[in-house]
Structure formats: C-alpha cells, structure tokens
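Down below are the structures I want you to see.
Note that chain A is present in both complexes that follow, paired respectively with chain B and with chain C.
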Partner chain A sequence: MAGLLHQILSGLATGGIYASVALALVMIYQATHHVNFAQGEMATFSTYLALMFINLGLPYWAAFVVTVVLSFALGVVIERVLMRPMANAPVLASVGVFIGLLLIFNASTGAIWDYTTKAFPTPFGDRPLLGGYISGHELGSTAVTLVVLLLVYVFFRYTRLGLAMRAAAYNPVSSRLVGVRVGWMLALGWGLAAAIGAVAGMMVAPIVFLDPNMMGGILLYAFAGALLGGITSPLGAVIGGFSVGVIENLAGAYIVGTELKLSLALVIIVAVLVIRPSGLMGRTIVARV
Partner chain B sequence: MSGNTLAMARAARGAGQPAGLLPTAVVLAVLAALTFFLSGYQLFQLTTAIAYGIAILGLVILTGYTGQISLGHGAFYAIGAYVTAILMSVYDVPYWATLPVSAVVCAIFGLLLGFPALRLGGLYLALTTFGLAVALPQLLKHPLLQDWTGGVQGIVITKPDPPAWLKLTPDQWLYLFSLAVAAVLFVLARNLLRGRIGRAFIAVRDHPLAAEAMGIDIAMVKTGAFAVSALYTGIAGSLGAIAVQFVAPDSFGVFLSIALFVGLVVGGVGTIGGALFGALFIVFVPNVAADISKAAPDAVYGAILIAVMFVMPAGVAGTLGRLLARRS
Partner chain C sequence: MKLLEVVGLEAGYGPTTVLRGLDFEVAEGGVTTLLGANGAGKTTTLRAICGMIPVRGQITLAGQRIDGRATEDIVRAGIAHVPDGRGTFMELTVEENMRLGAYTRRDRQIRPDFERMFGYFPRLKQRFRQQAGTLSGGEQQMLAIARALLLRPKLLLLDEPSFGLAPLIVREIFEIMRRINSEDGVGILVVEQNANLALSFADRAYLLETGRIVRAGPADELGRDEAIRRAYLGY
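Coming up: the complex of A and B.
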C-alpha cells in the first residue's frame, strides 16, 4: 500500500511536467492548429541555457527568470521570422519547418554543450518529505507547475491581452476587425509556449538528468496527455498530463515494466483516439459540409 | 491540403500521358549506366537512395494521394528490414526471395494500422504514427522478441553475390538489382495511381462526402492505401537492410521516420517522381551538411530543410511542375 501511494505521488510529480508541456502544445495548437514537433527540443535548449547561467554564478532563481524571459523572446522570434512567412503554405510545408527546427535545436544543443549527460541543480533540496513518500524536488516542481498553470489560467481568463489572444485564435477575421493584432497574438502564443516549455525543462532536468535528447520521450507523454484531456482544452491538457504521469508510473511499476514505458504512451494515444477522440474535456469539433 | 489540389490533379493527369515514357526510359538508362562509372561507396549510397525512394513512394501514395499523414513509416521500413534479415540469417532464404515475404507481412501490418487510422483525421494520425516511430526501438529490443530480432545487437547479414555469369562486383550487382526492383515498383505505382483506384484515392482526399456519393467505399480505399503504402515501404526496408548488411533497433529510431517524411515534403507530396528527389535529398544533403559544419551537421541540415520549404513549399517536383506548366 505504501508502495502504491509512493508510485502515485511520484507519478503526479512527473505528470506535472507532462502537464506543462501538454499545456504548451495545446496553446500553440489552439492559436495556429499546428502541433509544434520542436517543442521538446526548444525546452531542452532553454534548460541548457539555464545551466549555463547557473555555472556563470547566477543564483538559481535569477537564472530561472532570465531563462524564461530569453525563451519567451526566442519563441516570439521564431514565430515572426520562420512561421509567419509560412502562414499560407501547405500544412506539410510547415510540418517540414517544425522538423527543421527540431533538428537545429537538437544538434546545436549537442554542439554547444556537448552530448554528455549532466546533472541539473534543484532549488528544493532532495530531502524526503511527507514520511518519505515524495522528495523535496518532486513536491517543489509540482508546486511550480501548479503556479504556472494558475498564472496561465488567470492570464487567459482575466486580462485584456488574454482575451485578445483567445479571440484571435477563435476567430481571426472578426478579431482583426475589432482591432486585435492577430499576428502579434500568434507570436505571443509562441513565446508563452516556449516559456512554459522552459519551466518544464528546468523542473524535469533534475529528475531525468540533462542531455540533448532529454525531452524526446516527454514530448510523447505530453502528446498523450494533451489528447487524453482533449487537445482543445488547456485545463484538459493539464489533467491529462497528470493522469498520464500516474498511469505511466503505475503501469511501469506493476504491469509492463520500464522497457515498454514509451509504448504505453502510444497505447494511451491510440486508446483515446479510438474510444473518445475529443478527449476528456475537449469540444467535439463538428464540421459543416 | 486543398490548396494544391489543382497541382495534384495536373500531376495525376501528367502521370497518365504516355509522353512520360521516353524521359523515364532515358533516366533509367543513365542510372543503369552509372553502375560502371561510380565507386563502390557511391553505388552503395545510390542503393540506399533507391531504397529510400521506394519508401517515400509509399508515403506519396498514402499522404499525397489519400491525404493521410504518417510520421511513422520508419516502422514499416524496420519490419521489412527485419523480415529480410531474419529470413536470410535464420532460414537461409536467398535475398531476392525475402522481398515478396516482407511485402506481404508489411501489407498486413499496414492494413492493421489502417483500421484505427480510419478514425483519425490529419494531425491525430500524424501524432499516433509519430508515437509508433518513437516507441519502435523499445519494442524491437523487448525480450519477448529477442530470439528473432537479436535484441540490441541486431542481426548481421551477408552481402549477396552476383550471379556467376555476370562479371560484376557485389556493390554493382546490388545497385542494379535495387534499380530493377525500383523501376518495377515505380511503374506499378504509376499505373495504380493513374487508374480508377488512383482517382478514388484523390476523391477520398479532396471530398470524402462526394466520393462516397459516387459509390466509393471510403474505409476500403483508405485502409487499402495504407496497405499498399506499407508494402512499398517494407520492400524498401528489405533492400536497405541488404545494402547495409545489418539491422539493429537503434537504426530504426524516430529519425528514420522523420527522414522519410522530410523526403516526402522536399520531393513534392503528390508526385511519383518527387520521391526520387526526396530520396536524393535525405541521402546526400546530410553529407553536404557535414562538410559545412563538423560540429553540428544536423543543425545545417535543418537549416537547409527550412530554406527548401521557404523557396519551394510544394517540393522540388511541385515547383518543377509549375515552372514547366508556365512555360508551355
């Protein structure tokens, strides 16, 4: 029983990271109807940036803030420079650009900071808490994830800018008519997604250790989480991410073993798509023909 | 997708013109003649390019003609490769006899994947197949399959000897063999796609409702396209395995699927000839990239890819087709 509780709690901790990445995916999906395949690689790149700042002597939280700001800027620049000209290109061409981005980020991370696995510091300490069920870092990263999610929620629900972004995603033409700068809203969406990805990267790195392919598997779990929750719903993505973390941990411990953990994500994706394609919280999209 | 419908329709019509026969024969003759001018390594590279070309042709059938995006075709390529490797190393089957077997095996797997794919539109299918590509190495390494797949070590196979009456090196022979297989497969694909079935594919892609009203069985057509596509990619995997003489789980990771997809997009989605350009791109551009930057060749490769997408969003074949159409 204690083992089960432990598995569930640490599942929630990793689930929080999937939830952040899933949220980043859903935000870009909602704004552009694209899935950014380079999301994970961008997050890894940001995490390396953070490590560089820490090694330069910055305190953890200062490095954290600088990294998030830089990642935001990077996301905005990518949207303005690379995605904007592709706005009217065929879908497959923009997927081609995403894949190009993935390759560029993956390779340059490796080239700049080499391919060896590195340890990443945690600001929360590694003391076991709650009677040994959860480590300080797991608790801390879950808290950070929840804070991020809350901030995103408040931003979209209660600020004018958030409203404008939602409007731009929902109906670009009408939004433009009432004065929303739709192009900039897209860029902002990219920036936010990159920033959230950076936070997720910094939270997961102490657990899985830092290497250029760190986010490969995580991206797949995040996809699974986003789909499970419903790719049209940010809240759903968060719940889906947490659930996938728990499912992954429990199944890994009791059913399939660690070798097949990645395949499990695939099973979740297929199962969701076959049984309930709109996910737990998503809207069913009805197309008029 | 519907933006390049016109171009596709034009391409489909172009595929039907007998005028394409002469240029095709010339290209084939030139490619065959290369056997005697290139070094063993260059022939090996071209042989891999041919294998990739066939795999990309499979993607053209699936993505270009029926509009189902797959980011996981590396899985079929791997299955084809493993079927060949297992048959050759364990059962001593001659290399050429393994091709039909892996074609059938992959077609069956394609059919199986085609059924869930029916429920998934565009992006969701892309994600699911992407998941397949990511998970595949793990599955291949799994202890249950280890007796067949050789686990992490993989399987080493011997390079086939040319028939005794031919004075050719094994490299030359394998190149010619692959070229012949590819030529047959390309002609078959062309005939398939320009006929009734090809038109059904296009109709299902562009307007499923109208297609259904015309009496086309959409489920049948879509799963059928998946099976044919998997068959092509499986044969490609077999040829690739024979050329490389080695299969191992980690050579079939997500980057293989990504490479095939890149080949599809660069070559031009809806054109049979585009598969060739795409294959040449994914075999030779990484080398060019490595010459430019030793430290991060993939970054250069990615940058070249993005540049190609900017200049030719419809791919090499699409852009060539447009230029030719403008001239005439």
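Coming up: the complex of A and C.
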C-alpha cells in the first residue's frame, strides 16, 4: 500500500514534467497545427545553458530566470527566422524543418558541452518528505510545474495579449481585422513554448541526469499525454501529462518493468489514435481537402 | 471632403484578375454602397481595401495612403471590416469577441463603449458570457458590427449585412447602422445584394459588373435609373 502511494506520488511528479512539455507542444500545435518535434531538444539545450550559468557562479534561481528569458528569446528568433518563411509551405516542409532543428540542437548541445552525462543541481534538496513518500525535489518540481501551469492559464484567460494569442490561433483572418499582429502572436507562442520547455528541462534534469538525449523519452511521454488529453486542449494536455506520469510509474513498477516503460508511451499513443483520436478533452477537427 | 478615395484599383486571386480598375469614394460621414450581381467583385473590393489580397492602384483614407500596407496597419489606421461570414471567434465568448474589437485601443472609454453597444444591441448583453458560436445568425451579425465599432473606426466596411437574416432583424440592423452613421459620423461602405435596401440607406452608389464600375452617382438617382431598376430592383 505504501509502495503504491509512493509510486503514484512520484508518478505525479514526473507527470508534471510531461504536462509542461505537453502544454508546450499543444501551444504550438494550436497556433500552427504542427507538432514541434524539436521541443525536447530545445529544452535540453536550455538546461545546458542553465548548468553553464550555475557553473559560472550564478545562484540557482538567477540562472533559472536568465535561462527562461534566453529560451523565450530563442523561441521567438526561431519562429521569426526559420518558421516564418515556411508559413505557406506544405506540412512536410515544416516537418523537415522541425527534424532539422532537432538534429541541430542535439548535435550542437553535444558539440558545445560534450556527450558525457552530467548531474544537475536541485534547489529543493533530496530529503524524503511526507514520511518518505516523496523527495524534496519531487515536491518542489511539482510545485514549480503547477505555478507555471497556473501562470499560463492566467495569462491566456485574463490578459489582453493572451486573448489575442488565442484569437490568432482560432481565427487568424478575423484577428488581423481587429488589428492583432498574427505573425508576432506566433512568435510569442514559440517563445512561451520554449520557456515552458526550459523549466521542464531544469526540473527533470536532477532526476534523469543531463545528457544531450535527455528529453528524447520525455518528449514521447509528453506527446502521449498531449494526445491522451486531446491535442487541441491545453487543459487536456496538462491532465494527460499527469495521467501518463502515473500510468508509466505504476505499469513500470507492477506490470511491465522499467525496461518496457517507454514502449508504454507508444502503446498509449496508438491506443488513443485507434479508440478516440480527439483525446479526452479535444475537439474533433474536420477539414475539407 | 473625402474619407476614402479609391483610384484605379486592381486586384484578384493568384492569376485571376477580379477588379479591373475601380474608382470610387466615400464622403466624410457618408454612406456609399456597391451594388452588383454575384461575382461582380463586391466582396473582393472590400478585401482589397483591407489589404487582405494584393492590390494595384491608390487607396487613400483621410488623406493617408493605405494601399500595400498590412491588414493590421490598415485596421489601426481606422478601417473596421465586417466580413462576409461575419468573422465570429466561435470558440470565444461574446465578451472576449468584444474585447478583441477594442484590442488596438488603450483608452479608458472601452467599458462605456461596451454599454453603448448594449444600447444598440441589448441581446449582446444577455449573451455576454456565452460562447459566440452558440449565437444565432442575427446575433452574430450584431456581434460582428459591435466588434467593428469597438475599434472606433473612421470607416466601416459592411459585407452583405442582410445575408441570411430575417427581414425584421435586417431592418433593426440597418436602423442601428443609420444611427451610428448620423450620431458618430462613422463613414460606411456597404456591399449588398438587396439593392432596394442599400439604395435607401446610402447617399452614393456604384454599380459593379464583372470587376468594372458601370454606373455611379447619388443613390436616389441610381434608384430611378431604368436599367438598374429592371436588372437589380425587379420592378
């Protein structure tokens, strides 16, 4: 019983990371109808940036803030420079750019900071809490994730800019007609997604250790979470992310064992696509072709 | 004084030219209507003014050239467009649709303006928190006009405001458009299938046929024109 509770709690902790990355995926998907395959590698790159700042002597939270800001800027620049010219290109061309980005970020991370696995510090300590059910870092990273999700919610729900970003995603033509600069909203979406990814990277790195392929598996889980919740629904993505974290942990502990955990993400993806392609909370999109 | 002046406007979609050199104007505080059959180029003209398609020719708003500029900038210069299909943000609430209408504004008059819109369209107040996709066609048309007016435009472009609506609602909407025009001095360029309605509403009228203006003049004069009466008014 205690073991089960422990598995669920730590499943929620990693699920929070998946939820963040899933949210980043959904944000770009909503605006562009593309899934950014490079989201994970961009987050890894950001995490290395954070480690560099920490090694340069910056306090943890200062490095955290600087990394988030830089990642945001990087996301904006990528959209402006690389994605903008692809605005009217066929889907496969965009997919090509995403894969190119993935390879570029993966390779340059390895080239700049080398491929050896590195430890990443946590500001929360590793003391077991709540009678040993959850570690300080798990609790802290879950809290950070929840704060990020709450901020994103408040931003989209209550601010003028958040409203404009939603409008631009739903109906770009009408948005232009009320004066929204749709192109910049896309860039802003990329920036936010990159910033959220950076936070996710910094939160997961103390658990899985930092190496250039760190986010590969996590992106897969996050994608499963986004699909499970419905790729058109930000709230669904968050719930899906948490669910996948718990499912993964429970199945890993009691059913399939740790070696097969990652294939579980693929099983979830295939199952969702077969049984309910719109996910738990998503809309069905109908397109004329 | 001319609010909008269009000279030699040409536009189209890809290789297809739709507008073949239009000249027309909207007077300061005036109402101009473009008449014509389906496919004459009325909707295309409004899109061209808003920079939604590439154009050649000169478009001047209150003395300022706006042709070739981005839609967002043309909107910020003071043109609000109620597009065909009404352009409702279906997934958002009525309130959010209205907030988007005032997106470019930073002044403190936005809330009072909301109240003004509720004065024109009381139904929007009843539906304020409702998802806009659940509104009826007439309500969406009211929302579209409110959204456009919240921009505080100098010129309002209306694309077939009567389309698909019950006669009673059409009358209500045109009544309000007239008030907006006379009280706030907003210039209006309206495209209509219902020529009778448009001619009684406008002070200036142009008749479009396959991308060219074939008749122009004061609205009442065009309303008396034999050929127009027979072809477009049906009597």
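Going forward, the second predicted complex is superposed on the first by the 285 of 289 C-alpha atoms of A that agree within 3 Å, B and C clash if a C-alpha of one lies under 4 Å from a C-alpha of the other, contacts with A are read in each partner's own complex, and residues count from 1 in each chain.
Just so it is clear, a contact is a pair of C-beta atoms (placed from the backbone, for glycine too) under 8 Å apart; a residue touches a chain by one contact, two chains touch by 3 or more.
This is a predicted model, so every value here is computed, not measured.
Ranking chain B and chain C by residues of chain A touched puts B first. In the superposed model, A:56 makes contact with neither chain B nor chain C. Of the two partner chains, chain C is the only one that A:178 touches; chain B does not reach it. Overlap of the chain B and chain C interfaces on chain A comprises no residues. Chain B meets chain A in the complex at residues 1, 3-4, 63, 69, 116, 119-120, 122-124, 126-128, 130-132, 134-135, 138-139, 141-143, 209, 254, 258, 261-262, 264-266, 269, 293, 295-299, 301-303, 305-306, 308-310, 313-314.
Within the complex, the chain C residues that touch chain A are 50, 52, 70-72, 75-76, 80-81, 83, 87-92, 96, 99-101, 103-104, 147, 151. Across the interface of their complex, chain C is touched by residues 160, 163-164, 166-167, 170-171, 173-182 of chain A.
Chain contact summary for the complex, chain A toward chain B: residues 33, 35, 37, 82, 85-86, 88-97, 99-104, 106-108, 110-111, 216-217, 220, 223-224, 227, 259-263, 265-266, 269-270, 273-274, 277, 289.
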